[in-house]
Amino acid sequence: MGDYPSRSVNATAGDLAATSSRGQGAGYGASPSNHNEPPLGGGGALPKKSRFSIETGFRALSTASGAMVLVIIVAIAVFLIYKALPALQANTGHFLTQFEWNPNDATPSFGIAAIAFGTVLSSIIALLVAVPVALSIALFLSHYAPKRLATPLGFVIDLLAAVPSVVFGLWGRDVLQSPVRDFSLWLNEYFGWIPLFGGNGPFGQSILLGGLVLAIMVLPIITSLSREVFQQTPGMNEEAALALGATRWEMIRTAVLPYGKPGVIAAVMLGLGRALGETIALAMTLSIKFDISFNLIENGGNSVAANIANAFGEANETGRGALIASGLVLFTITLVVNMTARAIIYRRREFRDNAA
Amino acid sequence: MAKRIEASNVSSYYGSFKAIDSVSMTVEPKTITALIGPSGCGKSTFLRSINRMHEVLPGARIEGSLTIDDQNIYDPDVDVTAVRRMIGMVFQRPNPFPTMSIYENAVAGLKLNGVKKKSVLDEAAEKSLRSANLWDEVKDRLDRPGAGLSGGQQQRLCIARTIAVQPQVVLMDEPCSALDPISTLAIEDLMFKLKDQFTIIIVTHNMQQAARVSDKTGFFSIEKTGDPGRLIEYDDTQKIFSNPSQKKTEDYITGRFG
Amino acid sequence: MSVLEKQVPGVVMTPDNIRSRKLPVVTNVVIAVAAFAIAAAIVLGLDIGNWVLVAVFGAAFYLIGLSVVAGRIEGKRAARNRTMKALIYTACVLAVLPLISVIWTLVTKGLARFDADFFGSSMNNIGARDANGGAYHAIIGTLEQVGLATLMAVPVGVLGAIYLVEYGRGKFAGTVRFFVDVMTGVPSIVAGLFVYTFWVLGVSPIFNDGRPQASGFAAAMALAVLMLPTVVRSTEEMLRLVPGPLREGSYALGVPQWKTILRVVLPTALPGIVTGIMLAVARAAGETAPVLLAAGGLAAINFNPFEGGQSSLALFVYQQAGDGSKFAPDRAWTAALTLVALVLILTVAAKLLARRNKLSR
């Protein structure tokens, strides 16, 4: 340790860039106890900061890597637009309102309305099912379960998030389909007068099945994020509610839920983003149709992403262009949804940090 | 309205750790009782066991009996939420609900109890805020967030919130330790005023405060870290601060210990 | 002026009314049994469904019965508390059910073709009537694509995180951080389309006599796009956990910042970073859509990720699931089992590593 103090007295974090290229500590004139390096500069000028050093190079490299994210997002937009334009120009129908999807014909005619409708409908079903369940689990993990139970259950939920979507798709098609078909038949028999559950079948490979599979897939995201915000509720506010004579549920309603609301909204939006963009699970569970129907239980349904996966292989150049155009729409929608969700989270974080 | 509290041989545990050892004391109605003692001596634990708030922590349990007007609040058929409504609590750091306005904070307890009528809530809000000496300062901005008030105002808002549900007893856990001297004085004035209606028990680190506000004082202490806290002496404040009967109390009061 | 001039009815508690009756456990059980019995009677009696419907109806009846009975005995507030608790517990059971079903099906159906042939052969020249055929080519594809994707995403991701933690100040760093988060939400199919337009249509013709060519490398690029934000986020989090004094100690010795980062900060955070990378790899290995678009899929074995199409385990599952052959579902489930095993081993290992990490909060 003998020769360190004299250097550490002079060097501070701020000086680092200045000394980096010449080796450390070389120029700090007075270093009497340093026997290895002869003092340079003879007590005179400090070494100049050089313009090109490893330090600047490393800094530039990491900055470029950080910027890469922005480059990729811009590049996605640019390349999708570039390849979608020719197909959109060749389109004889109206891209936004047309129901049909015939981009491979000699006179291509296609519109995104039907598939966009399917995407939205399946996502709504998924959220309707997943959000209450996810919030319940999050509350259970944060406020009900003893730690011995909360840790393994949280782990299981994380594992649920790790299962690939193609496996859920396969499971939905081979396993979940038959109970859903039974349920659909039942709904159709007793509630067939409601348009949602009408129709003459066949049932099963429906938007309901797709929505349920999606629900299972977005569940872990919403759960883990909501759990986090619920756990952040200040303990003293929970105690305040309890001291007023609140039951556990009343405490949650008074202190936990209002505090976590923005975070929960953001979590739901992230779940929505995932549901909107999910491809393979829907491609495997829906029986692709191009129409707008509110019937939830009859075979049918479609989504932007599933349509791309299904139709890509057989599409010609215009067909692929059309699919790319629909992908561009999907990209834009998910980008907006995600940006909104993240903006909420960021604002909340700032608010919390300022309050603390 | 205010009630007599009787603790006999109250011992409190967190899991296998014994936090306080057989504390017995009687608190008369419409008095202010101060609990003093060094950190970790169990005075807060004792305070929290009076309205069963210590049960919030897992593994917490209690031995002995705690009665309010001869009703043991630890009887198995007693509703813990009812106990907490009867015995209100004000905490160390002001903790108004951050998502609620001043008005909503003041009537939060009533709303929990299912009071929905606007006229009742309005009246209760004004009364409790007036009782907490806060009305004149906030009457023009009742719809603003409670978290926007100053620390002292927030603490008075918390007191208003506590007394709005018309408890019998008000427990205060170092209510002024996070406040400046002027706010502290305001809270102390308020305590004198509330004494007419409530039984007040206050935990404080500030011995001058205990001497200023309380009728009776209990001194808690521990032998060493890990030992349970004990009630060393409990007597009129006057006597504790002028002529304590225990050597330990005297040492603590005169600053030779803790 | 007194708060107590007038008592608000139903609010004030006195020592005389603090006692309440509690719902006996027996009653709770009786309600549950009755609810499921009635549900079974209705569903099976009218023959309108199977056990799933019985369970759903039973749970609903139980919750309704519980809130009504508890409301009578314990009062409205306690009953509401009890009902919400029951609802929350029910939801937890509900969420674990599909996971159990998935795992059960994976094991029972997946073991059918879990043999040497499956792991040793491809789908080349396998017709609809052939019972054999395997996923060897797909496993190669998955390993190569994920490996290449990791090689691309990890350096950029780690350096990006270093920028955010060590160098990034001001508005630009804030923007980068925001879009890293946003990018985690980019759908995998969009990443696939991007690489298809950019690499397959745009760049690959240069190396292939002007004809666009799908390849494993293209798929790897798409996977890297999906991995990048995950790697940046987890690395950033880990770097932030490295205590400041550790850096300052190094600075104080006159070590330049880049060397401090590489020699002190990164090694300290390494276990956490590796955990994050493993989770990102696990996610990438399960992606189907990007491989479908960028690598195209191929039934034969192709070791070269830079030339010609490739398959992957996930894509294999998808393609076999859509195949009409009666032997295809078995192959799909075995491949799914293999894929899940791979992903779960990675995930569990990553979590265990994270648990041993000294820096974790």
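Chains: A, B and C, in written order; residue numbering restarts at 1 for each.
The rule we apply is simple: contacts are C-beta pairs under 8 Å (C-beta built on N, C-alpha and C of every residue); 3 or more make two chains touch, one makes a residue touch a chain.
Note that the structure is predicted; figures quoted are calculated from it, not measured.
The chain with its CA mean position farthest from that of subunit C is B. Chains A-C form the pair joined by the most contacting C-beta pairs. A separation of 48 Å divides the Cα centre of subunit B from that of subunit C.
Mean C-alpha positions place subunit A and subunit C at a centre distance of 11 Å.
In subunit B, 81-83, 85-86, 109, 113, 165 are the positions where the chain touches two or more neighbouring chains simultaneously.
Listed for subunit A are residues 245, 247, 250, each touching two or more other chains. For subunit C, residues touching at least two other chains, in rising order: 13, 77-78.
Contacts from subunit C toward subunit A in the complex involve residues 13, 48-50, 52-53, 77-78, 80-81, 84-85, 87-92, 94-96, 98-99, 101-102, 105-106, 109, 155-160, 162-164, 166-168, 173, 175-176, 178-191, 193-194, 196-198, 201-202, 225, 228-229, 232, 247-248, 251-261, 279, 282-283, 285-289, 292-293, 314, 317-318, 321-322, 329, 332-333, 336, 339-340, 343-344, 347-348, 351.
Chain contact summary for the complex, subunit A toward subunit B: residues 146, 234, 236-247, 250, 254-255, 258-259, 261, 355. Considering their complex, residues 51, 53, 56, 58, 81-86, 88-89, 91, 93, 95-100, 108-109, 112-113, 147, 158, 161-162, 165 of subunit B touch subunit A. Subunit A meets subunit C in the complex at residues 4, 7-8, 11-13, 16-17, 19-20, 24-25, 54-55, 58-59, 61-70, 72-73, 75-76, 79-80, 82-83, 132-134, 136-137, 139-140, 144, 153, 155-160, 162-171, 173-176, 179, 182-183, 186, 189-190, 216, 219, 223, 245, 247-250, 252, 270, 273-274, 276-280, 283-284, 305, 308-309, 312-313, 320, 323-324, 327, 330-331, 334-335, 337-339, 341-343, 345-346. Subunit B meets subunit C in the complex at residues 1, 3, 68-71, 73, 75, 77-79, 81-83, 85-86, 109-110, 113-115, 120, 124, 127-128, 130-131, 163-168, 196-197.
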